[in-house]
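There are two complexes below, and they share chain A, which is joined by chain B in the first and by chain C in the second.
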Partner chain A sequence: MSDSLQQKIQEICQSSNNDRVRMMDIVQGVQKELGCVSSEAMSIIAKATKSHHVEVESVVSFYSFLSKEQKGKTVIRLCNDTVDRMKGCEKVAEALSSELGIGFSETTADGKITLEYTPCIGMCDQAPAALINDVVAPSLTVEKVKEIVQNLKKDADPSKLSLGIGDGNNVDSLVRSAVKNNILKTGDVIFTDNESGKGLENALALKPEEVVEAVKVSKLRGRGGAGFPTGLKWQFTRSAEGKEKFVICNADEGEPGTFKDRVLLTEKFDLLFEGMTIAGYAIGAATGILYLRGEYVYLKKFLEAKLQERRDQGLLGDSIKGKDGFNFDIRIQSGSGAYICGEESALISSCEGLRGDPKTRPPFPAQKGYLASPTSVNNVETLCSATRILEKGSDWFLSIGSRESSGTKVLSISGYCKNPGIYEVPFGTKVFDLLKEVGAEDAKAVLVAGPSGQFIAPNEFSRVICFSDLGTGGAIIVFGPKCDLLKAVHEYMEFFVEESCGYCTPCRVGNVLLKKKLEEIMEGNGQPADLDYLQSLGESVKKSSRCGLGQTSPNPILTTLKNFKPLYEALVKVSEDGMQPTFDIRAALGDAEQAAERKSVLYTD
Partner chain B sequence: MAKPKIATASLAGCFGCHMSILDIDERILKLIELVDFDKSPIDDLKKFTGRCLVGLIEGGCANEENVHNLKYFRENCDILISLGDCAISGGLPAMRNSMPLKECLDEAYLNGPTVYNPSGKIPSDKEIPLCLDRVYPCHEIVKMDYYLPGCPPSADTIWEALVALLNNKPLDLPYELIKYD
Partner chain C sequence: MSEKMITFKIDGVEIKAKVGQTIMQAADEAGVYIPRLCYLKDLTPHGSCRVCTVKVNGRCQTACTEPAVDGAEVENKTEEIEGIRRDIVDMLFVEGNHFCMFCEKSGNCELQAEAYRLSICAPKFPYLFPARDLDGTHPDIFIDRNRCILCGRCVNASRDVDGKTVFEFVGRGSEKKVAVNADANLGDTNMAITDKAADVCPVGAIIKKRVGFAVPVGKRIYDEKPIGSDIEAKS
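Then we have the complex of A and B:
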């Protein structure tokens, strides 16, 4: 490695104060500069940050946007999520591949362009979509990708591509993205006019305990998926022992089919930052971290500028709004392509500059979170709602939604429907009514809450979106009458196998076994007993996994087994002779026949 | 009424599970009051003499002869039991599954430090069964009805299982018999 490169790496480390806690920023910087984090680079980073080579390598090898091997100057990551496949991603993939003359996971001979697949990038309403380095290329067609490749061959800088013009703040000069918001239904809480700053002002007029109380009374529950009561989480964090406390906003949005936080980030950043500030005041934190998924890094400059504006207005920094002793600021931590980092304890690991491994609980983040200090991790939408609660009062919030599920839910609806996009609905809305609204009344199945949620059948479309019935982080994926549901289930199992962090055996091994058995069944080699096997193995994986990923990953199989059993039953048959149809003796003997240079005498063709 | 018949086989196993069958000590006298032994290494019968109620299988399938034998058992037994960890998961022999068969054969017959093999060839006599690409647990080859874990399962476990099966009673093994850590 040349001296100037070595120096460059040292400068990158220096710009993060050689702080190993900021390892993510460092390795991301090096990856950007060098196109990889080579073994040599790891050694330099380890030395500068007083860490170890193996520690740096463990981080680099964990995240899919980081690599030890050199990648092309431009990396095209085509999203191959189930919704994208519904919308023709396979044809686009073929076109990309033939236009570039390489397969997926390959780099062109001149080292310029790398082609890869990536799971959901939060663009399901504009599928098929791809990331070209940081640039989002939505609504792709075969013609479009041909043009893109030709232009990239001329000029490697993807920001110069003309990919269309987005709407809302996507046209801001700091975003300049072709992404569309598709806000198709506004509600009373989030997508409505609000008096900016009022929430924070009201909060600062109260004692922190009273702010916590107001959120508790409003019955606000987490919008990220798990639905934990937000006020209670703030109370635990506030009362936990620790010199410092932290507020983290979870903008990892990795659940396939979810894209509402992306829209909140560009259009409702003020509600969000105000909410984080209110949370900081309520729990007694001076630092907030916005964990922004790697796929949304194109929003980072824009969000940083907005944070600076708030600092300039005295809404962040010391003595906010003149309130003596209330100091609070926010930094942005970007991720690097790992679904598991949406899980709050894995997210904290990632913020600490480590692999995104979930932590053992208890202690919960509210007791010991970021750097072992009490930390409240909240979803983007949760924090936006909290701002509105402080602005308009708990009673106002309670008057919206249903009895036990107050407020509204911002849904990302995509798949088989005429109008995919963002819908803000009060809790208590029926699936059936949603389908009418999005233009998918003949749907065959709806996947509520993404693959970690549940597939429901038409006879359940009268069920309602709320915490006591169909809870959801916001993903609603619709499947049409011609859809091959089991194929989708299989794709989701592939996703979980890929995204499992590998820490615990039930999840690391169990999901592979579930996927394998499903494949046997889909190939027509399954037997009725295999369905019982899927059921009991799925239940074991859920029961014995260490974190939420493994505790929900069998859901695509288990919920289709429950609600779409005939699909499976049509594929399995009893083996009359007791032999396993999956065992192929001829294939099993191939290697030995070659080594012994003779054919089997026992099993001839 | 004729006594039900039992058969046993040792495939890719170490015979430890069969030792454990013999380990039921004097209860073997009781056992032969209850059942007749058919094809088994214990009586050295090579062919089934008739339909059997139970087949006890030790070991997984490492070669074509194991497969052939296992299928022969499936055809002739009403109930097949995977006896021991090798039958259930491949066990120790399956340690070779992490490398290609060719590498194993090369190490064993050509490259190993103590190998003396002037022919420089991997043996290929027709009398020697060909190995499978990997060692398979029995249930991946034929349908298995029950599994008795252990390496080997203790004599008490085997005894309790057989008595329950022959008396058509549910098997209720005490925790100590199936606890392994």
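Then we have the complex of A and C:
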């Protein structure tokens, strides 16, 4: 490695104060500069940050956007999520491959362009889509990708591509993205006019514990999927012992089919930053971190500018709004392609510059989170809702939605439907009403809450979106009459296998075994007993896995076994010769027959 | 006794525990054996293998990390829990390449011993036959990743006890593996035979050279008595 490169790496470390807690920023910086984090680079980083080579390697090897091997200057990551496949991603993939003359996971001979697949990038409403370095290329067609490749061959800089221009703040000079918001239904809480700053002003007029109380009374529950009561989480964090406390906003949005946080970040950043500030005041934190998924890095400059505006207005920094002793600021931490980092304790590990392994619980993040200090991790939409609660009052919030599920839910609806996009609905909305609205009344199945949720059949379309029935972080994926559901189930199992952190046995191995058995069945080699095998193995994985990923990953299989069993039953058959259908006796005898120079007399062709 | 004591039940039997103890620690002291693989007494418990899964008031938790709480009902030796444990031990067998009949750890191997204790004769899951690498570069210590069950003991021991960080995990999901603090080889690290990390591997993945058959097969730890007998002898 040249001296100037070595120096460059040292400078990158230096710009993060050689702080190993900022390892993510460091390795992201090096990846960008070198196109890889080579073993040599790891040694330099380890030396600068006083860590070990193997620790740096441990981090780099965990995240899919980081690599030890050299990547091209431009990396095209085509999203191969199930929704993208419904929308023709396979044809786009072929076109990319033939235009570039390489397969996926390969780099062109001149070392310029790498082609890869990536799971859901939060663009299901404009699928098929790809990431070209940090640039989002939505609504791809065969013609479009041909043009893109030709232009990239001339100029490797993807920001110079003409991909069209989106709407809303996507046209802002700091975003300049072709992404569209697709806000198709506005509601009373989030996508509505609000009095900016009022929520924070009201909060600061209260004592911190009164702010917590207001959120408790509003019955606000987490919008990230798990639905934990937000007020209670703030209370635990507030009362936990610790010199410092932290607010972390979870903008990792990795659940396939979810893209609502993308739109909230683009259009409702003020509600969000105000909510984080209110949370900081309520729990007694001076620092907030926005964990922005690597796929949304195209929004980073814009969001940073918005944070700066808030600092300039005295809404962040010391003595916010003149309130003595209330100091709070926010930094952005970007991720690097790992679904598991949406899990709150894994997200904290990632913020600490570690592999995205979830942490052992107890202690919970509210007791010991970021850098072992009490930490409240909240979803983007949760924090936006909190701002509105402080602005308009808990009673107002309670008057929206259903009895135990107050407020609205912002849904990301995509797949087989005429109008994919963002829908803000009050809790208590029925699935078939949603289907009518998106133009998918003949749906055959709906996947509620993404692959970690459940597949439901038409006889259940009268069920409602709320915490006591169909809870969801926001993903609603619709499957049409001609969709091959089992193929989708298989793709989702592939996703979980790919995204498991590998820390615990049942999730690391069990998901591979589930996927293999499903493949056998889909190939026509399954027996009726295999359905019990799937059921029992799936239950074991759910019960014994260490975190929410493994505790839900068998759901695509288990919920289709429950609600679409005939699909499986049509494929399995009782073996006629008493052998396992996967066992091919003729093939197994091949070698022996050749050696003996005669055919078996028992097992003939 | 000055320490505050609490009482809970394992399979209906009353167990006393000190405040702050895990279910595993309390059970060990009371002579109740809970199967385990990644847990080792002097290392920080981290709940990765999940073999010690028990049900605490109806919810699955790992005994090695879960604090004992007053009045809890813990299920340990039920059909459901043993079924889960069998599945997990099975998974660990098929995930790697375990040729027990000619592994020098046979008889001293905790994975094998747990399998026997759980009455597993052959795994019910299909073998995955992964390609894993060996590392014989160190003069005194040999790594055979075919047998590694990713328990993390070596990682923790080297970091927390030896203060060396010779080992760490790289990769994620089914690609996860133990790596060493060098470009590639254990021989290029500062690992020493006297390190705690050389002593903790439950299987035959980290083994000391030249002592493999000092004790003949048939006379080894678990040839004599099932794993956990020492703990059960206390009750």
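As a working rule, the second predicted complex is superposed on the first by the 584 of 605 C-alpha atoms of A that agree within 3 Å, B and C clash if a C-alpha of one lies under 4 Å from a C-alpha of the other, contacts with A are read in each partner's own complex, and residues count from 1 in each chain.
Rule of thumb we're sticking to: contacts are C-beta pairs under 8 Å (C-beta built on N, C-alpha and C of every residue); 3 or more make two chains touch, one makes a residue touch a chain.
All of these numbers come straight from a predicted model, not from anything done at the bench.
Novice: State whether A:39 touches chain B only (first), chain C only (second), both chains, or neither.
Specialist: The second partner, chain C, only.
Novice: So, A:226: does it touch chain B (first), chain C (second), both, or neither?
Specialist: Neither chain B nor chain C is touched by A:226.
Novice: Is A:362 contacted by the first partner chain B, the second partner chain C, both or neither?
Specialist: So A:362 only meets chain C here.
Novice: Who wins on chain A residues touched, chain B or chain C?
Specialist: The partner with more contacted residues on chain A is C.
Novice: Just checking: does A:512 make contact with chain B only, chain C only, both, or neither of them? Give me first, second, both or neither.
Specialist: Touch status of A:512: second partner only.
Novice: Taking the complex as given, what residues does chain A use to touch chain C?
Specialist: By the definition above, chain A touches chain C via 39, 52-55, 57-58, 61-62, 338, 340, 355-356, 360, 362, 497-506, 508-510, 512-513, 516, 536-537, 540, 543-546.
Novice: Within their complex, state which residues of chain B touch chain A.
Specialist: Chain B reaches chain A through residues 63-65, 67-68, 71, 74-75, 100-102, 105, 122-124, 126, 129-134, 136, 139-143.
Novice: Which part of chain A faces chain B closely enough to touch in the complex?
Specialist: Residues 527, 529, 575, 577-580, 582-583, 585, 587-598, 600-603 of chain A touch chain B in their complex.
Novice: Taking the touch rule as given, give the residues of chain C at its contact with chain A in the complex, in rising order.
Specialist: Touch residues, chain C against chain A: 45-51, 53, 60, 62, 65-67, 83-84, 87-88, 91-92, 94-95, 125-126, 128, 149-150, 165-176, 179-183.
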